[in-house]
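Data block below; observations after.
All chains are identified by letter, namely A, B, C, D, E, F, G and H, in their written order; residue positions are counted from 1 within each chain.
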Amino acid sequence: MAEKVLMKGNEALAEAAICAGCRHFFGYPITPQTELAAYMAKVMPKIGGTYLQAESEIAAINMVLGASAAGVRAMTSSSSPGISLKSEGISYMAGSDLPGLIINVQRGGPGLGGIQPSQSDYWQATKATGHGDFQILVFAPSTIQEMIDLVFTAFDLGDKYRMPAMILLDGMLGQMMEPVVLPEKGKISLTEKPWAADGHGFKRQHNIINSLYLDPALLERTNIQRFERYAAIKETEQRCEEYCTEDADLVVVAFGASSRICRNAIVAARAQGIKAGILRPITLWPFPTDAILQLAQTAKAFLAVEMSMGQMVEDVKLAVNGAKPVRFYGRTGGIIPSPSEVLEQIKTIAGGM
Amino acid sequence: MRPDLNLLLAGFGGQGLLFGGKVVAYSGLIEGREISWLPSYGPEMRGGTANCSVCISDEPIGSPLVLTPNALIVMNLPSLDKFIDTVVPGGIVIIDSTMISKKVNRSDVSVFYVPATKLCEDNDLKGLANIVLIGKLFKSLAHCSEEALDKAIIKSVPASKKDLIDLNRRALKLGIDFE
Amino acid sequence: MARITVDEMYCKGCELCVAACPKHIIALSPERMNEKGYHPAELLNPDECTGCGSCAMMCPDVAITVER
Amino acid sequence: MAIVFQRPKSLAEVNMHYCPGCTHGIIHRLIAETIDELEIEGKTVGIAPVGCSVRAYDYFNCDMVQAAHGRAPAVATGLKRARPDNIIFTYQGDGDLAAIGMAETVHAATRGENITVIFVNNAIYGMTGGQMAPTSLPGQVTQTSPYGRDVRAAGYPIRVCELLSTLDGVTLAQRVAVDCVKNVRIAKKAIKKAFENQVNGLGYSIVEVISSCPTNWGLAPNEALEWLRGNMLPYYPLGVYKDLSIDKSTDKSAEGGM
Amino acid sequence: MAEKVLMKGNEALAEAAICAGCRHFFGYPITPQTELAAYMAKVMPKIGGTYLQAESEIAAINMVLGASAAGVRAMTSSSSPGISLKSEGISYMAGSDLPGLIINVQRGGPGLGGIQPSQSDYWQATKATGHGDFQILVFAPSTIQEMIDLVFTAFDLGDKYRMPAMILLDGMLGQMMEPVVLPEKGKISLTEKPWAADGHGFKRQHNIINSLYLDPALLERTNIQRFERYAAIKETEQRCEEYCTEDADLVVVAFGASSRICRNAIVAARAQGIKAGILRPITLWPFPTDAILQLAQTAKAFLAVEMSMGQMVEDVKLAVNGAKPVRFYGRTGGIIPSPSEVLEQIKTIAGGM
Amino acid sequence: MAIVFQRPKSLAEVNMHYCPGCTHGIIHRLIAETIDELEIEGKTVGIAPVGCSVRAYDYFNCDMVQAAHGRAPAVATGLKRARPDNIIFTYQGDGDLAAIGMAETVHAATRGENITVIFVNNAIYGMTGGQMAPTSLPGQVTQTSPYGRDVRAAGYPIRVCELLSTLDGVTLAQRVAVDCVKNVRIAKKAIKKAFENQVNGLGYSIVEVISSCPTNWGLAPNEALEWLRGNMLPYYPLGVYKDLSIDKSTDKSAEGGM
Amino acid sequence: MRPDLNLLLAGFGGQGLLFGGKVVAYSGLIEGREISWLPSYGPEMRGGTANCSVCISDEPIGSPLVLTPNALIVMNLPSLDKFIDTVVPGGIVIIDSTMISKKVNRSDVSVFYVPATKLCEDNDLKGLANIVLIGKLFKSLAHCSEEALDKAIIKSVPASKKDLIDLNRRALKLGIDFE
Amino acid sequence: MARITVDEMYCKGCELCVAACPKHIIALSPERMNEKGYHPAELLNPDECTGCGSCAMMCPDVAITVER
């Protein structure tokens, strides 16, 4: 096995993207993801890739759209306010069936908010990264190693399903260092993209990348076909990790940074004899509804823990569908909950079960 | 199972706390343990506060944020005031006494006053007070082998600044040797 | 007769005043350190101060009052 | 008899949706002719804006990408960076390029992106039904300046070529019109040069084409051209505002495309 | 009673806003809301108001933010892609506790989509009009008269709760004409805004309009206080209209344009002896959860009908919380469902009950 | 002895968070002095950008609004249209004004919005830790141009005063620096004029202030000023690029503020 | 209860169909009935298709979109082809036979061929074919009183173009009188 | 000898060719109407056509072919 190195989350994402064959990065500076762009700025020129600091997040996402339309793997990264600005472009990408990786290292909002970690863009990522009927793939790593792995997955599935993919993390994961094993380079095989607008060379009809359908019937058909793809993704791509859930009375659901804290709390709870476990969604869209529904048969209650005022909890409720009570505990504004706070919550709920 | 280290390093931005934390983190990694390193800074580019959480454990690390350290390294007064009460009983506190004249009045923690900045100035090691304090940490806790610590220095210094390795070694030794 | 006063609460020891002073009579205090950890500027040679205000004009932290 | 003029190959054999007499069609033809003459259809990718020309993607036989309103320069940048050997052009109206897309326009220009921008200035928002554009003339009556553009409240029109000429990244900035045969011929030359510059790696070229919108100006097509000559040309003088293509082609290394 | 006049929805919105004391309109042209801006452009200069065509939707929303910060009633209007562009600004307004009216005359998406009516920005409006933890008031009129009334409500509640309000409609409602009675002018009393940044005149401390809180604890506190306000709004401001629901076995839930179609279908269903009724949310946020929960006791099933691939249906499910089955029927891409299609759905569900 | 220089009243009595030797502080002072001298504190509303000066809202004693990154001109427009009698100024960095906010900047300028724009050009993104700005110099090393700004890939710096001077709506466009006593005095005059223009209803005034960022340039404060003089001033020549204030004040009716 | 009118007017943009619909709508409003008017156009500014749904009823109007009209006014061939089958049995179809030479072969609807464009040209009423056809509609259905129809014309013509009122009246009469 | 052909499928009767023709020999057909409802342009006087191509140069719908 390759040597473990210490790497910051943001830098690991950049390195992973490069390993995954991405040679086109377009971004605009924003805390707390700056290390990612800085890494790209350092490496891309050396490997014949493009690091381009765009004039804005809007320009950046549309550059990604352009590069992706040309058939290459392209990406951008930003943090919460910047993602709002990208939302029109992301909707266009979805509407044009274009892949592309978007990284959101979330910070506290709304507005300018703060620069500390947060998970309060969950709804934006999973329900409405822009206007109209569409979804994007959303991945929520909780370790830096997993970030690396999910960058590959995000590119691969994005290409496969021809849709944008987002890695949703937060300032804590972006800026912490952990030991990681980097993937070996040059072992990827990229999907063919016969649909790309890269010059027809008189070998085929001309390709059009477009999201305009003036005939509503055609737009409806296009949307329905896209949703059939979404349905297939929901079938096959839900991912989550469970820990101590087999016999759990109380299942904590948490992703990313907060899942790490919750895991500590679960260990502590078990030590006190409380049958708690944790389900950690790895894909936020598709949400791991099936696994939660499964647990709803054995568990007595659920607790969603988020670094927000409560967003994912609705997806947990939708999955559980009233079968068991679903509680919520959250911190917001850049505050990371402590394991002991979560433990308190677990104890209170366990006490009432 | 070796004891966990939950280290918090705190002071002004620019005092090298993040680098110091990295050295400690690498010392754990080299010994094959689980580790995490997490910086936290205020919004100021200069003159603000900065701190760094480092965890070393034999178990996977949940929260990388050290809220209740068992070791605290502090390099300015506001940070001492802010964090001193968070140290768990039995923990250790290492203070740069050049920067902080205040004394700690907790009896349930071991406190070491090291005039690290002064030591560095006297030894032509300007800017390495952070490493002196880590020398002291190592001396007090022996959280890793001396060899691992040395390798950690080598790993942490960027390839382009190899000449700094020896300076760091000397600073480390100053801290280890300081009584 | 002229004089400058440096409000140490504001001074960050940047030395812009030091360079701006045409008489070269401002320097950072080697000993004193303010709350934020900076060595504040001080007037070395009060007698020579002409109250020209050059230091104040350049002080980014508006720490200097000039009297004349 | 031989055919001396016919529909260019790169123009699709479909009816364009433009209003009768709208000069968008002429500009399309000039681009298609250029693509034919430079024999670059197979490696050209065009970018359609949001505006009356949104459906340009159906009218050219090269690959096409439809961009969000105003973002064509950014999309072009992405395409060009991904495929430096392709020839990338944007086709944009005044609302698209000079209002919502101003930042993208200025920045693609200052970056000296090696792309070709065809900027259709018809002093109005055509597609949405005739609102005031950043290039609408002082006093011009539009749907959203019903009493005539009042410069004190709505500001002054923007002269795009003049604005962009101040930027170091711009290789060619030229304003032409398609109101008469003579000007159409000049326009053709300018457009061709703007494409050639890209082929030669010389960087950002923009051709501003003063065009008509008979529908929203409320004029018959020929009257519209008359109005254009009488009102737009005095405000938007035709001519070359910047042309470094000669300097640059002799010294490619310094400024060459990327 | 004043005379009824025929008015287009878009124009009625404009006239109502003027009657409600709004003198500052900032917009950027987009179909299908252009009549609104055109109306403003005609009237505002005559009454000393401001009609300003901004350079973009982004500029427009930030002009609204500025005018609102100065303490006046300000508004903008757009359609789907334009709302995505406004999302950062809306998040800033929410984070700065500023009122302001946003009109979204929805069209089919994603991307450029089409220009026909749609309801597929429901999630964007109700869950994530931008990044971070926040909500805006969302109103969904279904007649032109109601549009007029809700413009008043939106301004009043926005001012009262210091938050942005959106009127979410669609191209059908925006462009149709119906008879309306216009409100009498000059009868409004505007809220005092002591917090406004309009020059302190040395009479008070200076006001700061801001959404930045670098201290996470402070940001959290601010967010929590804002959510307390939201909780109060959820208590008191839920609005909906019910028709034939008292004895309904099947309750259709639909808003705006689609609710009109569903009402026809309900009439037809009743004529065929099917006990169907309709609940029409008037506020989409706060969603009329209480009324739905109430009906969940008597109804046997729910059917959400939307002009989208299914968005509001999740809020219906969350309200019903598993007590009764919730079905969905939708058309997308600009297609307006027909009463007979909806009737078919009703019959199928009723048949299976 | 009498006090001949002291902290202006309009500047709050708090420690500013700027790095030691950062000239943002000087510019703040000049604005505060101007507000004092024109006696407009009670009706002035300032707009803080996103950038190092984001917390400007805490530093001026007038009402303040914090705008989204780049959108200060739009926010200013909203404020000014709502309260034409208030004096509105924006304070913006180069990333804010010339990158993400380019469209808003050009359009507020071309509209001739009766506002005052103080544009702090320090050739870098300060707050986010030293990335390349639209005004970073060719060859300048920054966090995102680690090998020096390569104009072929990253484009050319933008000269904002030159760009905006082409617009009819601009009344005053002047570039100043705060690197030495003499230039600070000139800067003060320019800033004062930019505010006076607004008071007199003359329309859009922008003062570009060449400023230092010792932290991200990696230089001691005085070295930074040296670098500024040696590198920025040649690229960004100081001076008045446009000044219609005299013409306009004699003929108010034509161009007066709204 | 009076019968509902579900009218669809269809043709090219620019043929005045929306205005015609407005006149009909006002005629209902004036008689105190519920009404709705809904335009629909293609993306072309000129030369595209346009159509307009008008509902008049004594009940609140649900869907303003007329999918199955009981009255259809058509002014071009594509629209006739598109909509002829949607007319409910027993409905009426009014065709501008100057624009459309095709004949309808449905026997369950009443079809009226009115050379409205030609009539207008002959009577110096260019551009008012739409109103001629509405005259025919009124003649066939008597969906409102003649007085209401006249008032509707007055209401529909913008205040600034009062002189058009009489021209419209004349066009209406042409339609009413056409056999 | 020269000739223009107007492809009626494209022609929208805008009359730009009519105005552009230096010989004034193009006009819209008063009778014929194409599918879209336009009266297409036609050459009135084929003998006078020089094949200069002015009409084609101005035709926005690229409906004209010129032979010479």
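By definition in this document, contacts are C-beta pairs under 8 Å (C-beta built on N, C-alpha and C of every residue); 3 or more make two chains touch, one makes a residue touch a chain.
As the structure is a prediction and not an experimental result, all values here were calculated from the model.
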item	value
Label of the chain whose CA centroid is most distant from the centroid of chain A	H
Selected interface, E-F versus E-G, where C-beta contact pairs are more numerous	E-F
Chain B and chain E, separation of their C-alpha mean positions in angstrom	54
Euclidean distance of C-alpha centroids - chain D vs chain E, Å	38
CA centroid of chain B to CA centroid of chain G, Å	85
Set of chain F residues in contact with two or more other chains	19-20, 54, 66, 68, 99-100, 102-103, 106-107, 127, 129, 134, 153-154
Per-residue overlap in chain A, given as positions that touch at least 2 other chains	50, 52, 55-56, 58, 81, 88, 92, 96, 111-112, 115, 210-212, 214
In chain B, residues with contacts to at least two other chains	43, 47
Chain E contact footprint on chain F (complex, rising order)	41-45, 47-48, 54-55, 57-58, 60-68, 71, 73-83, 85-86, 103-104, 106-107
Chain D residues touching chain E - in the complex, by the definition given at the top	50, 54, 66, 68-70, 95, 99-100, 102, 125, 127-129, 131-132, 134, 143-147, 150, 153-154
Chain G-touching residues of chain E, taken from the complex the two chains share	4, 6, 115, 172, 175-179, 260-265, 267, 336, 338-339
For the chain E and chain D complex, residues of the former touching the latter	28-31, 34, 37-38, 41-42, 45, 50-53, 55-57, 81, 111-112
Chain F-facing residues of chain C, complex	1-3, 9-10, 12-16, 18-20, 36, 38, 51, 53-54, 56-62, 64-68
